[in-house]
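The structures considered in this document are given below.
In the two complexes that follow, subunit A is the common piece, with subunit B as its partner first and subunit C second.
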Partner chain A sequence: MANVFIFPTTSLILSDLVARFGHTPLSAAMQIREIVQTPGLESPPLQITPEDPKKGLRWAAVEVPAGVRGRMSLYGPLLDRAEAAIIVNNADFSFGCMGCARTNELLMFLIRKKGIPVLDLEYPANEEEGVEFVAAIKRFLDSLPGGRA
Partner chain B sequence: MTRVRIAQLSCGPEYSGVQKEINDAAAAVDAEIFFPDLKLADIRQSFSEFGLDVRSPDLKLAIARAKALVEGRVEADAVFIATCFRCAEAAIVRNELRRFIHEKSRLPVVSYSFTERTTSGTLLTRMEALTTIARRRALLAREVQEGITMGVDSGSSTTKAVVMKDNRIIGTGWLPTTGVIESAENAVSEALSAAGISRDEIQAIGTTGYGRFLVGEHLKADLIQEELTVNSKGAVFLADSQHGPSTVIDIGGMDNKAISVQDGIPGTFTMGGICAGASGRFLEMTAKRLGVDITELGPLAMKGLSQKVPMNSYCIVFGTQSLVNALAAGSTPEDVAAAACHSVAEQVFEQQLQEVDIKEPVIMVGGTSLIQGLVRAMGDLLQTPITVPPYSQYIGAVGSALLASGFIRRE
Partner chain C sequence: MKAYTPLLTGTVTKYVFVESPEMTPSDLAIRAYEISQGVMIKETCFGLQVTGREEDVNRIIDSLRALDPTHIFVKDRGFPPGDPRRCRANLGGARPGYFGHEFEMGLVRFISRGLSALPSRRPDDMPRPPVPEKRERLDAARLKEIIGSQES
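And now, the complex of A and B:
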């Protein structure tokens, strides 16, 4: 079983596919749940405090906007644990949406720099592409350590 | 009092840990922040129609929300635009949305670029101004001062008091701010003495400035109001420009204000955001270093050429260093004074005036408007004549006295 980073990290469909094919999805929902369930923090809506952008300094320098560093404090720890990644490019908003393009660029770079297996996909435009999209994800997940292949 | 609903258009505050600060600042002035709800299809259509093809989805959402507000699909009393400091993409969107909302609606709007260090205290005056415009449009429409009223402006550097009677200023007081209440008391006594009337004859009092709450409580003021709306009213009243557009620039001791005004009511405004090298405090330090009184700095600067001395630091420490270096290299006090004025004007121009739409007449107010060299430098940069109305240094006190007359009880 492998830890699979997904992009967009907010995608419930991707998260479900990874879990369904026997691996652990690394998604925003998990990170946010952990922060929300940690007692003592009270900055709604994501329970992020001004301390979090400082934690983000591990992945982005101080001149990088606070919003990018705050986001990296959420996604950075996921990247650290990632053993593989699935990236869906140009996804529809309803599939999963990451609000900041600069954070997304940094995430893409860090994933590739890590040297882990990466599946790069375009978001499907029709049913036929949709079927191939799911099949490609299945093949990739099966090929990972602990996969079904 | 009804709660003012402020629509937030933003990218990043929740991830920067400052959303709570924004909410707290709004709550402190009995307002609430809300995020306009939209359908997914509307979002796609709206940003595509707006024509600004940004990459960040949160900015696309902000654009769609702005369109919904302007088109009346979502109701709000005011708009707060917030994006990350140092994000170029967001800065473009922030400016264009502010301009779009200002031009296409009557909603007051303020924009702000935050860091994780932004606090509710920093945002309070801006939120207060937004709610005042939304809540007190009728009061802000007042153009004539009636009865006998007093205005007190408790600023970071100086405290000013003005007594007005039947639309005329009849007494003024101006003192450096030391103890907030003591300075206010002394300025009030000075103004009353100059006006030749007793305190009992004052029918209504208004306070503004940093010490407005403390002084307002002490004087039992009828009106306690932030300086953005009050200064706008004072400026257009004194410049006899109560109708149509105008731009008010106030370079203060601690922060600067640039306000785009329509019919005496602020539409968009910026406040502070830059360092002390671009404030009145830097000009005070320059005067001190040149060994002249602050009142002599303006005439001195008028005789100098700013181009002869390199000076353009945002930081008061480095600015002073440039000043000392220039004097040591043989520059004349006149050229140094002119360079200091140009430096302050240039930084306000570059950092703040880009955030408001400059419309004539441009009115400079506050104590620094008496420094002719600074006014000339600003006029050169804006390529437009600058109006400095009489009593411009008393602007907040005049605005307060004018608006306070709306509180006189009719027998």
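And now, the complex of A and C:
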């Protein structure tokens, strides 16, 4: 069973398919859960405190804006654990503010730099593409350590 | 700043989405209540939220998924149900994150079709999924040439 980073990190489809085919999806929810279940000082809505941009320095340089470093403190630990990644490009709902956009770019760069197996896709637009999309994900996951190949 | 005491520590919450011609969220909720054994089940317009100890939640989800495997989808949720920081009862408007679900729920019928077609597919059939278009980028050497030609 491999830890598979998914992008968009909140994707229902990717999270479900990775778990369905026997691996662990690394999604944003796991990090959010850890943060909201840790006691500390109240900092709604996501319990992100001034400490988090400092933690983000592990993945982003000091001159990178705090918004990107704060987000990286959330995604960075997932990236460290990732043994493979599935990326759906040009997803409408991963569009966000400049902080999100730059964090997404940095994430893509770090994933590729890590040298792990990566599957690059786009969302299907019809049934035929859906069949190929699922088949490609299954084939990719089966080829990973602990896969069913 | 106030001290923060988290609620429902040590639990996991998972969303169960159903997009099936044969099953509604309330059918799914009734099945979930039957086997819940103390696990918190919350029925929603798209399916359920299940909150409890990880092994109990996984047990319930495995049983629910077996009812309609190609039309039931599951993902993790960070916040517990009804959390005032996320619940739309407190915020007004759609819950943050709902738009992502709305977008992907429009596509899950294609995924369901893909899942039902998998068993009939030959293992050596090479998939041809939709992939991002590769755009030709300007070569750095060519850019340098252009800059040089402008300077002279």
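Keep this in mind: the second predicted complex is superposed on the first by the 141 of 149 C-alpha atoms of A that agree within 3 Å, B and C clash if a C-alpha of one lies under 4 Å from a C-alpha of the other, contacts with A are read in each partner's own complex, and residues count from 1 in each chain.
One rule holds for everything that comes next: a contact is a pair of C-beta atoms (placed from the backbone, for glycine too) under 8 Å apart; a residue touches a chain by one contact, two chains touch by 3 or more.
Keep in mind that this is a model prediction, so the values were computed, not measured.
Peer 1: Touch check for A:139: first (subunit B), second (subunit C), both, or neither?
Peer 2: In the superposition, A:139 contacts subunit C only.
Peer 1: Check the residue A:36 against both partner chains and state whether it touches subunit B (first), subunit C (second), both, or neither.
Peer 2: In the superposition, A:36 contacts subunit C only.
Peer 1: Can A:1 be said to touch subunit B (first), subunit C (second), both, or neither?
Peer 2: Neither partner.
Peer 1: Now for A:48: first (subunit B), second (subunit C), both, or neither, which partner does it touch?
Peer 2: After superposition on chain A, A:48 lies in contact with subunit B alone.
Peer 1: Contacts for A:93 in the overlay, against subunit B (first) and subunit C (second): which applies, first, second, both or neither?
Peer 2: In the superposition, A:93 contacts both subunit B and subunit C.
Peer 1: So, A:71: does it touch subunit B (first), subunit C (second), both, or neither?
Peer 2: So A:71 only meets subunit B here.
Peer 1: Using the superposition described at the top, determine whether subunit B or subunit C touches more residues of subunit A.
Peer 2: Partner with more touched residues of subunit A: C.
Peer 1: Counting contacts the way the document defines them, which residues of subunit A are shared by the two interfaces, the one with subunit B and the one with subunit C?
Peer 2: 42-46, 93
Peer 1: Considering only the defined contacts, which subunit A positions touch subunit B in the complex?
Peer 2: 42-46, 48-54, 63-71, 74, 93-94, 97-102
Peer 1: Residues of subunit A touching subunit C in their complex?
Peer 2: 8, 10-13, 15-17, 19, 25, 27-33, 35-47, 89-93, 120-127, 129-139
Peer 1: Of all residues in subunit C, which touch subunit A in the complex?
Peer 2: The touching residues are 1-6, 8-10, 12-13, 15, 17, 73-79, 83, 85-86, 96-97, 99-101, 103-105, 107-115, 117-118, 121, 125, 127-132.
Peer 1: Mind pulling up the subunit B residues that touch subunit A in the complex?
Peer 2: 11-20, 23, 40, 43-44, 54-58, 61, 83-87, 89-90, 114-117
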